[in-house]
Every structure is written in C-alpha cells, then in structure tokens.
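Both complexes shown next keep subunit A, but they swap its partner, so subunit B is in the first and subunit C is in the second.
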Partner chain A sequence: MTEQGNENFPRRAFLARAAKAGACVSGACAAAYLLYDSKGPVPASKKQQLVTLPDFSVPAEPGRSMCIATGPDRKQTFNKAIDSLGGIERFVKTGDTVLIKPNVAFATPPMLGATANPQLVAQVARLCYSRGNAKRVIVTDNSINDPASCFQLSGIGTAARQAGAEILLPKPTLFAHTTLSGGELIRNWPILYGPFEKVDKVIGITPVKDHHRSGASMTMKNWYGLLGGRRNIFHQNINTIIAELAMMVRPTFVVLDGTQVMMTNGPTGGSVSDLRRTNTIIVSTDQVAADSFGATLLDLTPSDLPYLRKAQAGGAGTTDYKSLKPVIAEVAG
Partner chain B sequence: MKIVTVRRLSQVFFFTVFIWFCIVTTQGTRWWQLRGWPVNLFLRLDPLVAIGTILSTHRLYAPLLWALVTVVLTILFGRFFCGWVCPFGALHQFVGFLGNRKKPLAKRLQLNKYRKAQCIKYFVLIFFLASAAVPMLGWAWLQTGLLDPIPLVTRSINLTLLPIVDSLTGTISATPRYYQGACLVLGLFFAALFLNLLIPRFYCRFICPLGALLAILSRFAIWRIGKNTSECSNCKLCEKACEGACEPASQIKISECVLCLNCLDSCKDNVISYQPMPSLAGEVTNPDISRRGFILSLTSGVFAVPAVRLAGKLADNWPHKLIRPPGALSEAEFLKRCLKCGQCIRICPTNVLQPAGIEFGMEALWTPVLNNRIGTSGCQLNCTACSYVCPTAAIRPITLSEKLGLGEFAEAGPIRIGTAFVDRSRCLPWAMDKPCIVCQENCPLSPKAIYTEEVFNTVRDGSLAVKKISALKIETVEKIMQPGKFATGDYYCAAGESKRAKITSNTENSIELAPNAALEKTLGIGDKIEVQVRLQRPHVDIEKCIGCGVCQHECPVSGKRAIRVSADGETRNPERKILLDT
Partner chain C sequence: MRSGHSKTESIVSVVMLILLVLAGAGIFFKQFQYDAERLDITLAVAQTSPQPDADDQINLVSLLPAGFAAMTQRENFGRDNLYVKINGKADLYLQSGFVELLCRRFVSDEDQKLWAEIFLYDMGSARNAFAVYSTQRRANAVQLPLTKFSYKAESAVFFTTAKYYVEIIAADESEKLNDAVLTVAKNIAKLPQKHEDSIGELKFFPEKGLIPGSFKLHLTSAFGFEGLDDTFSAKYRLGEETVTAFLSKRHSLKEANKVADDYFQFMIDNGAVITSAVNDKLAGKVLDFYDSTEIILVSGNFILGVHEAYDRLSAEKVAIMLKQKVTEVAAIDRAR
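This part shows the complex of A and B:
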C-alpha cells in the first residue's frame, strides 16, 4: 500500500490511523496479559492422562478354567481344548470385538517357532467369527524387530488377514501411559493401548520358549509386547515386570502353544534344532496356571521361575495348576 | 493439440511416474509397495550414471544398458530428456514459470539471454568424470551423484519430502522414519529450486552435469531447432519463454537447447521449426568449452581424489563407525559405484540405513551407513532388500543363503558387516552389577553370538552377621537393607564360597530364603552371610558375530550404548579382519 502526503491532511484519516494504532497497542497489551507467566517453567508435571486396561475375563466355571490338550495338529488340538472348556461361545459373545495378542516379536519364519504359529492365530480368529459371532477381530503386537516385517515374515499377518482379522501395527499414536495399581515398575509407562479401546475380549497366544534372563517366555511374558518406550530397562528386574504384566492384563483366556517348544537359544531361536516337539496346547483362563504347567515342558518346575510366585502373590492366578483340576484331552494324530 | 501441450503432458507424466516409483520403493506385498515396480528406471535411463560407472569400473553393469536408449535418442534428436523427461527439469520449469510469469517481456528476454557462465556445467561434468577416471592407484571414485539431477532428486524425495509428508499422514510407513543430516539434502534441493526465481532453469543452464553430457551428445543431432527462412521480423517473441537460453532468434546455441519448443509455439510467422537443416540465422553447434576451462576442470578433477584421500579414510585411518549394509563392495570399489541416490536407505524396512555425513570422509557423503540408534531394529537377519534395489551394484545383489552363509555358502560363512563389542564400563551387569542381558536375548543367530558368564557378586554393604534364625527367615545384626530390594529373584544369600540360597523377600534386618537350598541349616548365630546378586555378564563370540547391530539397538543404556558394533572384521574389506583364519 502506498500513501501520498497532502498539505490538508484530513482529520478523518488521522483519526482512522490513530484508531488502528490504538487497536494494535491494546492487542499487544492484551497478548502480554494473557500470556503472562509469573512462575516460569516448573519441573515436568507428574499428572498425565493415564489409562487403565479393563478386566476382560469371563465368569469362572469350576473345572472349566484350564485344559491341557495333546495332539500333533495345532488346529485340532486347540479345537479340542477350547471345546472342553465350553467352546469359544462361552468366551466370545455375538457382536464382540476381540483382540488377539500373539507373540510377533521377531522377523523370523514360522518354522523357527520364535513367534506364535500363524495357523493357530488364524484358527482362533476364525472360531471367534464363526462360532463366537464376533463383530471384529484385531491382531496386534509391539514387535521387537521391525513390526511390519515381523507380521509379514512370521506369516501371522497373512494368515490373520485371511481369517478376516485386522492387523494393527504399533503406530506411535496408539500408545498411552498407564500405572498399575500396586505396581512398582509399571508406573506412568506407555503401553499399546489404542487397540484395546472398544474391545470386549482379549486372547493371548504364544509359544513356549526358553528365555535366558527369566528362564521361560510364555503367556505372561507375551504381554511384554504391549509395553512401549525403552522397555528394555525392565530386564533389570525381569521377574517383577513379568508378574506386573500378568496383573495388568486380565485376558479372556490364553493359549500356550507347546506343540513345539524352543528348548535352547531363546527367545529368538534361529534354528529348528532349538525346537523340541511336545504336542501340547494349553488353553486357560488363568495365565499363571498355564505358565506353571508350561514350565514343565521346558524341563523346569514352577519354583524355577520366580515371576510365577510373584504373580500369584499379586493375585494374577495360581501356580498350583492342579488345583484348577485341568481338563486333560487328547487328539489322536 | 499444440506441441507444447504435448511436452507439458510428457513432463507431468514422467514426473508423476517418478514420484510414484519413489512411493512404491517401500517393502511389502501390497500393490503400492515394491513388488516388481521398475523403481530404478530413471536412474537406469540416466547416461551420466552409466558413463560415470564405466569410467570408474571399466564395466557397464547390465541394468544400466537402458542409458543407451537415452544416448541414442539424444544423439538423434537432441536434449529431449531435459525438456520432456527429467523430473528435476520439470520442477525447475514449473518454479521458473511461477516466479517469472508476470515479468514484462523485456525483462524476460533479458532473463533468457545466453550467458557465458552456462559453460560452468561442462566444467562440473569434466571435473566429475575426470575424478571418476583417475588412473592412479585405483583411486577413482564416483561423485556425479552429488549433482546429477536424477540421483539428486531421487535422494531428495526419498529422504526428505516423502518422510515429511508421510509423518503427517502415516500411510507409507507405520512408524515415523528418520534420516540423519537430511536437512542438508533438502537445503541443496530447495536452493536449486529457488534459483529459478533469479533465472529460469538456473540449475539446468549453469550446473547440471547431466545436461552438459547430453549437450555434448547432441552435437550431431539430426533434427534441431532453427529458422527455416531468413525473412524474420526479429520480434524476439521466441526467446520470451526459451527454457535453455539458447537464443533461437539469432545464432541458436544447439547445445543449450532443451527442446522445450516454446519458440516454435510463440513464433507467429512459423519461422522456427524443428528441422534437419541448420538454422538460416546460423547456429553454434559446439558447447562453449574453453581449452583453459577444460584443462583446469580436468586437472582439478584428477587432483581432487588424492587431495581428499589425504585424510587416509581408505587407508589406516578408515572410519570404524562406517558400517555398510551386507553386500556392499569393498570400500574402494563401493565408492566407484555409489550414486548417493538413497534407494537403499529408502527401502530399508528398519530405517537403520542412513545417509552418511562427511565424518566418514568427504567422498562418503550421503552414501549408506548403518546407524543402530535409529530405526526399529538393527539390520534385519532375513532381509536383503538394499542389495536388490541398488541401481549400480555398489551393494551387489545377495541371496539370503549368501548373507547367512548357508548351503553352498557354508564354507565362506555369513557376511559380516562388523563386530559387536561390549563396553564393560557402561554395561549394566559388568559395570553396575545390575542384571540385564537384553543384548544376548535379542541376538538373532543360532547359536547366539552373545553368551553369558554367571557371576555372583556381593552387593554394596552386603556383608551381614546372623542374629537369629527361624525356619527360612534370617535376622541380621545390621538394619541397613532397603525393604523388598532383594526380592526380585536375582539376589542370593551366600555363606562361604559355594553355599547359596535364593532370597524371596527382605526387610531392613531380615531375609527370607527359598526353601530348597537348605542354607539356613548350616548357619549359626554370629555367622557372616553375604547378599549377592546373580549376574549374567555378556560376552561376544567374535567368531559368530555378524555385526547386525540388533544388540546395540536394543541395549537399554540408550545414550552411548554399552554394546556397539564397529566395522572391524567386516567381510567386504579383508584387510580389516581381526581374527586369524581358522
């Protein structure tokens, strides 16, 4: 804009300009008043929007909380196990949204057994739809290796999608902070919370694996894949974190796949010679009990795994799996 | 349809295809991901890539044969590539159009005048080609990619613009991607673009070494722009939008003409045509390369190599943090081929591959290097993507069997890209007596290259005297323990060398023991006991480690990692090996 000087500078123009200048002055003053901060920065606030995972368990039925099924074929063995606990209909109701949390930690092919078996994941998803009449099945994990590669190479991505499930990769926006009431480690820590929103049922699926630090990686350790942030610092106190994870996640049921057990070089494996065939699948509403039995597949006893005792003390389940009177089933090969 | 409309459509088409190929350079099986899309097409069509690698390696790598198409067409028809195909040229033309469209005719004529400085691009070309062909001591390198428009724009889109856009939308990559030093890449890109506001197609006219090469190739073009009659009103309208500043109104500089055909379109009297006959107003066929400039750029190109190599980065002062992806050739050979196009960096599924800065040597700028602090997890064991996408085989295509040393490669063993070293002054179990071994757990090899040694160390203030024993509970004289601290399952109570029992809980002056060790039965009042922590201390088995860096990526000491990979022992440079052959 250009203005031209004039000997008879009109009063009107002067007033208009004065009014604009006044508006700018009051604007500057108002901004200073509104933004005025008398205290300066303070240490980061501890108060944060915290989330809590709801309880996804279903009412207990005596004698129908755990099944140990043996058989060479995962699909048939799982079917047998879930049926002997009342069928998937007992757990998944019409219109439910089900979240499956398989172990998809590593970008390795399914034959190495470092990740949940894709056919087993697909079978669970399929049953949720076909007999549980689920509305939606979500599969998610915060993998250790690159998540997209893990879902692809483990075969879980393709198998789950074919079964109609939806894969949710751990995008940064899906994480929210949580604090476990009574926990000492899970305090204001980010977890993969987004997939749990609007979810009615949660199923954990994981293979039995050797784990050098904690002794064994099974259904409780599987929830490690929900932690975000630099979660590896928890390895300093591995037993407590696994116990707290079991206290944090109350699943509908867990599937512990001991069809093939990783006996050595866990939890990554890397060779078929690390695996031993034990032809067992445990389906349980009590993850502590499932893992207590699972320990025996690794030639361990529950007392070898301190996190089991801690989880029991924290109320996550019982290490005395026999007290649940598990159903023993067998599928001929 | 007007011929310039056809040209614009061609530019839009090739630019779109180019961007599309950048987007699909993403690992995955969806239709918009890398699954056979010819994502290197433009790099292959680029004759500067082919000629540069021929000079440095004396070979024409098979896929680069595509450049022959461009060469032949340029020899016959002139610089059509600049005006019709080049995605960077299209961008320049568009920005130049935006910036200059409102300028008056006289100003535009002045902007589109031929300038003496347009010869600079030939000297840039000669400088780069001379250094690629240095005959001494196998010292040649390939640096054309710094300014060659195709690698430049590929790198700029791949490593800066796409990740910026995708960080807002999150469609291409699930997790945000990072590229160290990317702002320098972006700076060069935008500097080149903004120069169009000064003079249209500034980069093409003054700097572009590919344009210079094509200009030289078009010396004998069968068809060229020129006047078909000497009856010309000399209105100069043909130079109003001349992209190459080749002055078609007077003696046309054939080498500068990018075949934008704006002159053809703006001539009211159809004086100008694309014809076999030389222009009736005369033409200048040779690029303006002065003898002095030629010798100067040639010798500086030749001397630049030994000058930069004075830093010794290819000799004893080799940069040990320069970890190249598996399949990368030996460093000297690698530098003869790498275009710095960033395709490998873009395709890397874990984002561990990064453009190098000059700390690895001037000549390594923007070449691929692993940075295990960035990305989702080191170099993924079952992945060879970068080796397949590399347009010049600087990273040669390797199979998974070769990478892992399986089958016929069992004797050669796996390809090592470096070796991990435990920093015992930072490692939690080594330096701080805290249990950890995340590195061991994540080592993807079987058997693992990281193994552990079990140690029981007495904790600080952990020597105590027994005051009272009741069942499994031992009370101590001292009241100094932090309640619950030793209840993690990693702490033990020891009496003497070999007698030890796990602690299940503790108060400030008592500990509770696990039942099965029967240690309490051997103790008496006043005996000394020690609280010990069970540690598994990691060791790297140097004969197994391949340097993938997963351990370094996962190490919970997140600043300077307590286990770090250095390039020592990498397969590609046998002189850098540590171990004797066994």
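This part shows the complex of A and C:
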C-alpha cells in the first residue's frame, strides 16, 4: 500500500477481509430470501381463499329504479314506494332466501334514530314473505357495539322475529377475507360473508343520519356493518371506504328511511332533539342515487359528500338521481 | 503490517456484533406481533369487556334512585377502543383529550322498557370536557342548575363536572324515567371532585346581550381555519340580531398578531373583501364576506373578533364591547 496511513495494510489482507465481508452480506441475503414469507401470517384456524360477494341486483327497468315517497307512517310509505317500483314480487321470487341488512350499529333505543326503525325492518320482512313468497328471511349486522345487545335494545331483534325473520348474529365462523377488485382499502380484509352464501336477494335498510366523520351515514355507509377486524382504521379514509363498500355490495334494493332524520350529533345522536321529521322514504336499486337524494334531507348537496362522487366513478351508481326519473309518491297523513 | 488489531477496534467490533445480534433478536420476536385483528377472523366481532365496579372508579350503581337497578355491567372504553362504543363520533373525543369512558345502563324494577344509559367521559380536564359538551350542545336545550354547564334536551341530560363530560340518555320519554335520569345527574354532579372546573377565558366575554349556554370551545380549526385553535365563541343578541363573538388567548402579543394576520389572509383568500368600520371607535380589521361581516382584533395576548354577522352595526358593537371587556379584565389580572 502506498497511500498515506495505509502503508501497514497490504492489498492481500484487504481483499481477504473484503471477501469475508461480502460472504457475510451474501449469507444474510440468502438467509433472508429463504426465510421470507411472501404471503405474510394467516389465521391458523383457516387458510381460506378470498371470497367475493355475488351480485344480487335484478334487471333494471327504465323509470322503475327509484321511488321517493312521502308520508308520516313508515309502513304505508314503504308499501307505496315499493309498489311504485313494481311491487316486492318484482324483486323477491317464490322460494327466495332474502338477507336484510339493517343498520343495527348501536345498542340504543329506537326513538333516538341511530339504528334502522324496527317496524320498517319488520314490514320489509313481512312483505318478502306475504307477497314475495320468500322461503326464508334472514336479518344480520356486525354491530359496532355488542351485537346481541344491539339487536335487543334497538328493538330490531324482536320486531324481525315477530315478522318471521331469523336473526343471524355475527360469529367468527361467518367471516371470510375478501379483496375488492381495484380497491385501495378492501384488500384481504375480513367481511361478514357467511350470511350471503346461500341467499338470493339482499336488501339494505338504514336511516338518514348526520355523521361526524363522513358528513352523512346512509345506505352506502350501512355496508360498513359487514366489515370485520379493526375497521375503525378506515375512519382515516372514510370517503374511500364508503365508496368501496358500495362497489363491493350489489344489493337487490335499498331502503333509505328519512321519516326522521338525525340532523346533528351523528352517528350516535343521543337525544330526540337531534332528529327532524322529514316524512320521506326512498326505495332504490341504485344506492348512490338514493344517498344523493338523501343528502338533501340533511340540507346537503351530493357534492358535499365526496364518497358519492367516488362511488359513481367506481361504477356503483349515479349521483344524478334525477336522471333515473324517480317515481314521486305520496301517502296522505 | 501490524499483526493484530488495536484494542479500540476490538471493542468497537464486539459492540457492533452485540448490536447486530440484538437487532436480529428484536426482528425475530417482533414478527410474531402482527395486527391479529386484521388477520384473525375470530376477532372480527365487536367485543366489550364488562367489568365489576372497582374501588378506584365512580360506583354508578350507588347513584341510582330507589326503584331502579343496574341493567348491565359496567363497561370501560379507552382511547384504543372508544370506537367500539360510539364509532364515527370517537374522533371528536379523541381529538379533545379523551382518557376513558365509563358506561352503565339502569332500568326500572317495574317496567323493563324504562331504561337509560350513563356515559361518563373522563376528558382529562374541565377544558376538554367543556369542548365536547359545547360542540354537541342541542339548539333547543333547556339549561339546568346542576353544574355551570348543564342542560336537558328531549330524553336526555348533558353536563360537565370537573374533568368529566356526562350524558344520561333515556330510552323512553316517560316522566318516571326522566325523573330518575335527573336524580342520577344530580348525584353525579354532587360527587366531590379533585380537579379545578373553571375555564379562565369565559370571564373575558361581556355579559350584556350574551345568550345563555351559547359558549363553545373550538379546540381545533375554529371557523374552518387551522391556525385558529383553542378558541372560544359566544353568541350575543342585540335586538333582532344574533352575533357570534370569538376570543383566543395566545402565548404572546407577537403570536396573537401572527394568528390574526394569518386568519385575515385566510379570509381574503376565501373571498372576503376589506372594508372600513362604520364605528370609528373600532380599531381592527373589518371584512365583508359574502354579505356577512367578519371583524378581527388583537388586544394584548388575545385575538378576538366577530364571526359571520349579518348586521354590520351589531357586529361592530359586539366587537367593541368584547375588546373593552378583555382590556378591563386583563388589567385586573395584571394588578393581581
């Protein structure tokens, strides 16, 4: 070595050390390559495959995709709305198994309007049996609070059972992982899949609510109740997750209950003072259109809710609900 | 060539090898700690952990009136699982210093439909408790004499006591249940508290024309402007007009001026137009914002003003009153 400071370190020693160091690095890389688990950890209980929710929609009929019905009585208003779209028998056929997904997020009393109205859920179930000749009606939700308490205290459990529906409480064996094609957030994520496995039709029922994070909670946000896992992380990206949920679930139709609207302090509310009576029920095969109209009940416009635009871009429906030429119906009070 | 290595080289090498072994061990053990809730479907369903009453917590059962009993066990929620109870509203609390939520339902001995739920939010300080209380205050509320900040809305009672924000929500509007809710509220309000429950800034708001119960604390982004945090607002009624006044105490005059300038610029950027005050006593910036008036002033360490008023004269009057009161109270504080 001729350079200053390295005169005592010969080339041969340097090369030997460099070779040893190179061997160490190569060995570490080889070990990492051999030990690398590209799939990551999977639940020991079930090395399951990814599932995809089927499409439960029915063939479209021009001018019969959406009805905006007004009236003070939920049952009558819903009956009017569904009849305006061709009756429940257009959607539910003899022998069908129907899955109803109401919003049963919280263990709160029905009068607070934080959950779907129990009488409305019961009426939909009743019509599925009486006029749709359904074989079976199942009601389910993966509630935010303890599911059994939610179904009991919201009144939905009792009302649905009285209408002949079965309550299916979420349990771990009913969950499976899914990935939404083109999805950013729903990737290898557990959803409440079991109830969908052997059903023919899916109906979503939810009230119109203010939502602290997303601005509004309506039919698209209702599918949040299908997510498992630590789903609250999605609140950081609430508009995307709501849009992706709408892209993931293709229901037969949705019922948006604006009979009483939670105008403030949503999504839990806490007082009847948070509610405003608007006497409107929307039944729609297009959930984006239903929510776009629902926004107006909260004194918002569709452009105030970014997830509507995202869902439309994802092909889940249209924000231009007027383009569907919704049927306007009224039930006298 | 030296035959061996220096002592320093050997020590450094050994230390580095130890560090590498430790890092390797750390990675090895850490790999077992992944997000099980995402991957393990057995954790997919909401789980809460009802617990018996502990001595170090408020025993809510002891506060129930005669004829009512606990309906469910106590539930506790912390920062990591508050969403399990209130989902989308959790952020409001988490951003306001939330520490813990204690819940319990109680029910009438005679009628199972008559039940209510107590939500006792430990917000860490009276100021934080006031922030969530004031943000959610119902418009048609009836003030209660329970504590300094308390009201009744249909089917529920809401109040703050020391560091706690309390909600008691009834499942039915019957008189019997409402009486029970009020009794529980009074019993909670009477509990001795270790924490100070005064909020200093409120004394700077003039009393004349103040709409009772209209105070609000914006811990972040008051009026949509990120830089205006920790800001109090209050509503005033002058004749037919309602005016919102605001006030925020900063660390120094320099900071107050900076925030005032930034807020002014924010308003300009969003379409506000500079205008002159009608009242020549008003020494501040007056803006016309799409037919509403915005006034921004600085007094000592305070930035203060009027937000979105629809009558210019009333807005200026409230701004002058507010500045005068801030000056007076600040002078008294300094004298002390």
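Operating definition for what follows: the second predicted complex is superposed on the first by the 285 of 333 C-alpha atoms of A that agree within 3 Å, B and C clash if a C-alpha of one lies under 4 Å from a C-alpha of the other, contacts with A are read in each partner's own complex, and residues count from 1 in each chain.
Here is the rule we go by: contacts are C-beta pairs under 8 Å (C-beta built on N, C-alpha and C of every residue); 3 or more make two chains touch, one makes a residue touch a chain.
Remember, it's a predicted structure, so these values are computed and weren't measured experimentally.
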Subunit B versus subunit C on the shared subunit A, clash or fit?
clash
So, does A:G315 touch the first partner subunit B, the second partner subunit C, both, or neither?
neither
Quick check on the superposed pair: does A:P109 touch subunit B, subunit C, both, or neither? Answer first, second, both or neither.
both
Given the touch rule stated above, what does A:P72 touch, subunit B (first), subunit C (second), both, or neither?
neither
Contact-wise, after the overlay, does A:P147 reach subunit B, subunit C, both or neither (first, second, both, neither)?
both
Scan A:P190 for contacts with subunit B and subunit C and give back first, second, both or neither.
second
Regarding the shared-chain residue A:G63, is it in contact with subunit B (first), subunit C (second), both, or neither?
neither
Check whether A:P54 is in contact with subunit B, with subunit C, with both or with neither, and answer first, second, both or neither.
neither
Partner chain(s) touched by A:G95 [first = subunit B, second = subunit C, both, neither]:
neither
Pick one for A:G182: touches subunit B only (first), subunit C only (second), both, or neither.
neither
Would you find which stretch of subunit C runs into subunit B in the superposed arrangement, from 7-15, 97-105, 205-213 or 313-321?
97-105
Go through subunit A and flag every residue that touches subunit B in one model and subunit C in the other.
106, 108-109, 143-147, 149, 153, 170-173, 211-213, 230, 232, 235, 238, 264-268, 270-271, 273-274
In the complex, go through subunit A and note every residue touching subunit C.
8-10, 13, 40-43, 45-46, 105-106, 108-109, 111-112, 142-147, 149, 153, 170-173, 175-177, 189-190, 192, 211-214, 217, 228-230, 232, 235, 238, 264-268, 270-274
Can you name the residues of subunit B that touch subunit A in the complex?
27-29, 170, 174-176, 349-351, 375-377, 380-383, 428, 434-438, 440-448, 452, 488-490, 502, 504, 514, 516, 536, 550, 554-556, 558
Residue numbers of subunit C touching subunit A in their complex, please.
1-2, 34-35, 37-48, 72, 83-92, 115, 117, 136, 138-141, 153-156, 158, 167, 169-173
Touching residues of subunit A toward subunit B in the complex: what are they?
106-109, 143-149, 152-153, 169-173, 211-213, 230, 232-233, 235-240, 264-271, 273-274, 303, 306-307, 309-310
